[in-house]
């Protein structure tokens, strides 16, 4: 290896080890049985997440690049491929709870085995291959960070369906956010004009951020903070869930068939609203941002408040114009959104909760898929989903960007998703 | 009535009568039993369409504006309200086939009754009210034209599910399109720049066309004609339906669960593709535009062809730049798309088939719902649907505009929907 | 034809004409649209019943026995075969509402055509064939009588699902039962011993009645009349539908998922129970037998009353021992069960309502299917259904026998089914 | 305690300890993740079985009879109640996989805690209470034996759905049956006459065996052995699964919708039939009894063979007349049925596989439910299920009797169910 690559290298190895270890740290408070169930199809077993992120490195890095690499197990590709048709058959997405075997320890062994071999590969890599491998490695790490966020939201969902509602933090000592004065609600200006959208830097970005293009926006204003639980309660108490005028038609149908009347995880007990959190069931904090709501609920709230949601282009423009303000990422280890302190004109553009935008997740002009299997990473999901921006309390701070596009179907509620208003 | 309104008036009455009569003409070839069934939830019974369009005038025009108007029947509002929560309870959408009564003749009587009373209202209207009523009346007529198109597509579907596959034109003498030389496929330029999107004229438009705004587009090119059945057959024969690389993920799942391998209404018989048309089962015409496909199929075809679909903004810009070319509307009474004659640089921008765009049906900036029940007309459907542009062989020519936005869920195939490519 | 067969012959032809005409009489009050819908899979369109019963004669009598007989229409076998795998493909049972064509008049023409040709066949039949054909003809007539009962129950269901709840008797002049003193409830003895079960006469019976065999019964008692609406109301008012102790597990699950709280067709209006009958919505008659209940409801009522249902063997023994008493059949044209007059020790063993027994519909010892397609008549349904005995107000009096076994799944409620208690 | 009860007592305690320990022995080869999943609603998580059988003793024995007994955990009744409405709310049957907590070790602690307290209770019991408690204790042990059989069949199903198809016996040393000459197929006579059905001894029996009554049977014959895999293969190869003539209608519908073509667990590999067994995937043994089939398959096979199934009354009469012959119970620890050795005139009346009878699971004459919660044990399931007789290779030998009635819905295949023919 030339010295030119040596330091990038050391950084990469350290980063690889740190991110891989973090996944295991997230799973540490779990019982083995917690790691295998799949209460809804959206929620994958933690064991599967751990296997799948490892398979990603084995399949896309070790198999093609490490000479004489022997697969850890001949069937693991079948078990841990998520959705890559190019790579072959796989366990159906809704059948992941069948993976009672391999037992948990085998998964940890698999992780260790792949980690060791990636280290071996990196230490012996000729310069020429480094340039080819590093981007795939980086994609693998970014991919693992995405699964870390999913692990947290999936674990929360799994624990919530257990009749005992156990706390994630029951064994560990949770960090408690410092409470503080909150911001007075106000709107901040974003001037109209032509903005450049999409990623144009030299660091890593996902393919869905590429296709830099200009959009023409008119003047608009954004709320300086996220909608809080207290504000959302007013909407609920004003009959928001039963007033069809605020709802998209399919959202109102969902509210009625599912009998929705509050965010996910909220439970009314003796006239007071509680919510299941990583600390177990606790009273709703009125100052904290509202969370675990669908796009339909976000949009109905905005309609009730006489405001609207941003588009993803407006969001990106606003974050070019305004300083990011404080925000709470996974590194705080709170794993719940907290009230914003008044430290900037616009707060929590990043962190705490993903912000639903009224933009469909479509390709940017000029979008093109990567060749081969990695071309299936993002492009094939570009329909029927809505874009979210800004990251959440379950997102690694190093993972988020101004141009980052998250996306979920509008009815999904198990992610840390919330509301920012515009007008 | 002042003379100022008299002529507008006469035109309105004539137009009212003509459009109302057209609905009944469409239903004339049907047996009474054809008018009551609902083979899938999307397809409403023709009898219901005839009642519902009449209820629209009774409820929004006669009831509020004609003094002493007595409802034709106290329960018809319950029977024929489609989706207006503001107006009250109604037959569930998927239960419309329960309307075996009122018998067909009662529906015709209802139509005649409402027609007469609208005429009475119009003849005795003070000037002041004319300005208030005419827009609602116009909306009612535009609404009825929309249902005329739905009537045609729903009748086609109903007949297709009958094991005897009867032809719509079995009793009447169908008009046959004149065959002609077709256009050589080529791309036409549309220059980039700022375009104004949305309706700014003084005639009627729907609320979803309002909110005129500017968009910035880059240079692009559109195909000078629609994709033909012959071209689509090449895609099929090239294994298009089984090659996941061309498909959006949810589209490919649909193809597999529904075992799709051709457009709706296509049937292979002795090695040759036929399709059910308004003339019964007949061989596929390779020169005619492909039709009755989902957005997923349109997009997969475009991917296979190495091209892409337009956005709705590109489509609107292209139709500002290019002459419309010939197109086949409901007035020809062909009721099937036909091959394009080479009469303009870009053909069939309007008519023949609706063109799927890769734009979600969302509100334009500044969109606001009308007050009251009519505010439920469009806004509440602005999610999870894709925009189609240009009208079809089942659309009245007077009904379509450059700014007209049609919308369907991406899996829907029973409308006359097709493909125009861009690059 | 020999004189030996001549009179049997004349009787047969008269009977054939009378029964065939009766089917059409039942359908006369219907609108064409009433004849095509299928609101639940159990309920077949009346048009289909009329076609199917005709197809039975065409397929099993005319096709094999009338020389040079030309099928009325080449596709009708596909349209009107019910469940005979031996005869070939057919419209799926749940797709019968697709039969908007052939139009109603064609069905009447089909009936007339087949009737004429059966008459021709019978008039020119050599003695040798008469012996072969008469049993099939008789089966066809019995089959048509079964469908007449289904026509009545299906029409009632179809009308009940219409939001206008139209009365079947709205056009015709319904016959009203004479009200009368009712019987005092009491139990009647049936002595234990060996009884012979099954049909051993020389007239027609279905194959499921064959396999005469002896059963050994202990002494038991049967209620001298059917359970009335008034008695059933007491069960309802005593919380019968919410007290799990009276219910079979699957019945109680059904009660909860379907939110059942009264017999089918019962509606509470301003604190009073009404029911949809052939006369439209009317107050519940407390003296009339309760009807349109599932086996689960019958059994729960019996449990609540501290009694039990009979087995089919006990029912058959009781009707060997006791005189039948009065009963109300289809010939009265009431089409609803009525209160019993005190004319015999045990009333309504026949007529008014079918009596649910606690016997599964299984083959008798020695049961064997007929050879060929007619072997599919009964045998293949001998599982998961419960036996009912005695006929109802929709059953032709000439159709019922002591040994007659009707059968339905225990959750079915749209037939005229009721309760007789035993202890 | 009087000496009169002392020895019965010692036996009971020993029996209690032995049966309780056996449950844990069955679960020993499992990973913790194996114990929590519920791949189909019929299959309960092993952890749940272990908790539920323990709850039975805690709720019905300790809570009412042991003074000052403190529940192990206040929520366990909610977690581990199966279906007793009288006892209160409970986890829905299809949500048992939510029980990731309590972790497996807690369940073992729960078992130990209840075992200890039952021992304490028994050691200090006054004579008067012994008579009251012993029957409940015995019911609890019989109940636990039933769950031991379910544990085995549920574990087999869970392992079979795992993509790795792990063997249950992978860690332990399985016992292998000694192969031997098999019996020549022949029919054995059972003379007609009056037989007494039901339990009349002084030992334990379930309430569904009570109501001793006489039935009158005609002469019949039973096959001297069970239908083998080899014989069943002939049925398969003769097109048995596609010949509608042999099938009950609902069975043939199931075969077609589920695309059944072999018993559960059979897999064709390279032209040869294998089956998943407790030893993993292995070739089908043609001499062993066919197993894991539905009632529909059993009945279709009998029809194809020109024979029939027995009724439960015939089975009980046959086992009064014939010696039981050898049979393979859970004590052999084979956990798969094996070929019969020629040691008696009629083989395997007991053990190896449960024999489907053509008798619905209904109450015997005079059946009455026990008072209180235990009345829900059997009675409420007496509909829509078929009786099976004789026990299987997963049944404890001490658990089975001539009068024992097992019951399952006719479509169930995951139990060790097979076929004996009669004529």
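Just so it is clear, A, B, C and D label the chains in written order, and each chain counts residues from 1 on its own.
Criterion: a contact is a pair of C-beta atoms (placed from the backbone, for glycine too) under 8 Å apart; a residue touches a chain by one contact, two chains touch by 3 or more.
Bear in mind that the values here come from a model prediction, so they are computed numbers and not experimental data.
Asker: Which chain lies the greatest distance away from chain D when centres are computed from Cα atoms alone?
Answerer: It is B whose centre lies farthest from that of chain D.
Asker: Quick one: report the Å distance separating chain A from chain C, using the average Cα coordinate of each chain.
Answerer: Roughly 60 Å separates the two chain centres.
Asker: What is the distance in Å between the mean C-alpha positions of chain C and chain D?
Answerer: That gives a centre separation of 39 Å.
Asker: Whole-Å distance, chain B centre to chain C centre, using C-alpha means?
Answerer: Each chain's C-alpha centroid was found; their separation is 47 Å.
Asker: Which positions in chain A are in touch with at least two other chains?
Answerer: Within chain A, no residue contacts more than one other chain.
Asker: Could you classify the connectivity of these chains, where an edge means two chains touch, as line, ring, star, complete or other?
Answerer: ring
Asker: Applying the document's contact rule, which stretches of chain C touch chain B when the two form their complex?
Answerer: Interface residues on the chain C side: 31-37, 39, 47, 75, 78-79, 91, 95, 97-104, 158, 161-164, 166.
Asker: What residues on chain B touch chain A, complex-wise?
Answerer: Counting only chain B, the residues touching chain A are 83, 85-86, 194, 213-216, 218, 244-245, 247-252, 295, 358-360, 362-363, 365, 375, 380-384, 410.
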